């Protein structure tokens, strides 16, 4: 997987704090940006987060370019609707020489790994043959596997990201999208640490777990530590 | 493909007309439903449509159960974000004995068809072998093809459907989702003909084409007829 | 306030349960509706709710006609974006003889009440005079108060409603929209009791409070009872 | 009205072009930003716009601080749901000494203007008296008029803005929000001229008018010029 945070709203922490400040003070928009120390920004963000006043977090957005992920992942990813996507088209881009994802559990089993690779080769061969037989690539792609690598550009605002991290950083999330979510969290924490201070699965962000009997037990560990 | 309109807002045409009437009259909500002849409902819908006042069309929703479609289709479908989806999970439902879609262009070519079927058999075999080797089905599914059949329940409101039909009933849309869109349009026209009277690609709904040099020429035909 | 649930997806509990069942079983859409006892529907809904798998709750929608509420209320209401609205227009509907909302705290204070009523009369008089002077009603309405009664039709799906109830049934919500939210909750509970069994502020729906030092103390009471 | 574009995605034209390029080429995300001349960016944007492929326009967002507008305006503004808002609260911010908007048609009529101002003074007086009588400002605000000035921070992505401009730059839109929309358009054109080259009402953006008999006639003028 290759992930790059390619664009984001400049000075995102201050942008959120400014928007919140407008709601609760008689101050004008002109002055919003000034006269706010960095510590004040941090305190306000902490307060907004603890009270669940997250609408102000929507004013800042983050755009990622993602490569080397499977269509298993993107089919799950695009289910998050408060977001924008541009994905490489299998309709317009030919898939001669496609790359593919190998799940760790397959890679760890020599026999499974060999069968997996053999099938991928066979898929490539059939795709090429179909195209050679005159089948348009938009139909030939029906033989491509879920494993086929794809590229996608994703934009989410900070509130939508917090929700995404709650769902997808959870130990119970599917491994590939969990890896992506964790990598995205690292990226945004690097540029807006206070917006994403407690971002993560609900055991971290909210101190609760909705997985019932399927829980990974992390919450119990967090509570024990306290 | 198997499509069934399983639920929808009762009396959808009247529901839309009532909502619109509230906006432009001093009449109370109680009286909204009464005193409106069927012809008045139709005239109001026609007026709303022609002026592009489609927000009232959002008050009615339609829920479809869809079977026997590929994951090529659903990956495109779920990109429509003003909608709700519940899709059969390849993570929780085993795919021993999966069915698959064959594109017409492949079916029409004996050699391509044979290669296609052979590959599908090989995919099924590999999936089964991986599971037998202890690979969890959530990882084994990486070998499944785009062609694999899936099931999905979709709910859209009438305004979102109109947009969906503009994009996906177009001759330039990919054949499988176009077939679905046309079938969905037939279903909703049967129960709410006046809401969807001019539904379809933009050549029908709006009298224009955005496909430029790629146009199918249908608009020219429509104009010639007039 | 006059509230009426004018339309909703038929058999909403079963519709949600069916959609969920599709995701986790190999059963076809045709059979989804059959072979599911009422108790099975209830158990499945309970499970979905406890695990926070609320996307299936989106397949059912509820449409309300609301009268006799202020524009204070509707300005807050329409901030809920996953919803559809049709509101009576002050631009197209004249406001000669408008009705208005009196907050209970004003009604309870004789002097305040008298001043309030006097001002409302003055507003009506000025509105009428402006129109008589040739000011169009779309500009005359600038003098109308927040208190002016309005009518609105609202449609939300069950998931969006659950969120709305969490925010607006809370004791800390503004009194008028809280009254509306509680009345809406009563309406939907009457037709879909198991979808909305634990609906309400987060102290009820989730067992937590985000109001910090401003808490009404209800959560403590709930916990004490347990 | 005071309007300030306070934040936006850096280099927005290139960001959109990059996202589009990913969809239609085999190029990697790393290389997306490089090797694209400014002319290529412009050509690609022009192509996307002419074909209505606007999803890539969603990757860039613009945040405005708006002051000195009425609650007539903000009640309309927040109806645009694909956007984020933070508005000054009349619940938490006291309105002693509020400012107000005067519609031009009222200002132009001496008698109307005098009555308007007299009423505004009376509203201020009553608000202050109610608060002095112990009515909380969250209830006293019921007497405030639509004309009362408010402040709001708004964030929209470029696609949502294009839609906003189509609806609100139209001559038939209400004057205050039209003034705002035109001012917002000026701001974004200054920083992303090629994203918003044909932005405006549908007579400009699409060459059609949906206002029927109510048309302002601008489209006829545009066509006559061609």
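The first chain written gets the first letter, and so on, giving A, B, C and D; residue counts start at 1 in each chain.
Methods note: a residue touches a chain if its C-beta (ideal position, glycine included) is under 8 Å from a C-beta of that chain, and two chains touch if they have at least 3 such contacts.
Source: prediction; values computed, not measured.
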Subunit D reached from subunit A - shortest hop count over touching chains: 1
Pair of chains joined by more contacts [C-beta pairs], B-D or A-B: A-B
Chain centre separation in whole Å, for subunit B relative to subunit A (CA means): 27
Whole-Å separation of chain centres (CA-atom averages), subunit B against subunit D: 32
Sites on subunit C at which at least two other chains make contact: 85
Residues of subunit B touching subunit C in the complex: 2, 4, 6-11, 15, 18-20, 22-26, 28-30, 32-33, 55-56, 58-61, 63, 65-67, 84-89, 92-94, 151-153, 155, 157
Subunit C residues within the subunit A interface of the complex: 50-52, 206, 208, 210-212
Contacting residues of subunit B [partner subunit A, same complex]: 70-72, 74-75, 78-79, 81-82, 85, 90-91, 100-103, 105-106, 109, 111-112, 115-116, 118-119, 122-123, 126, 129-130, 133-136, 138-139, 141-147, 174
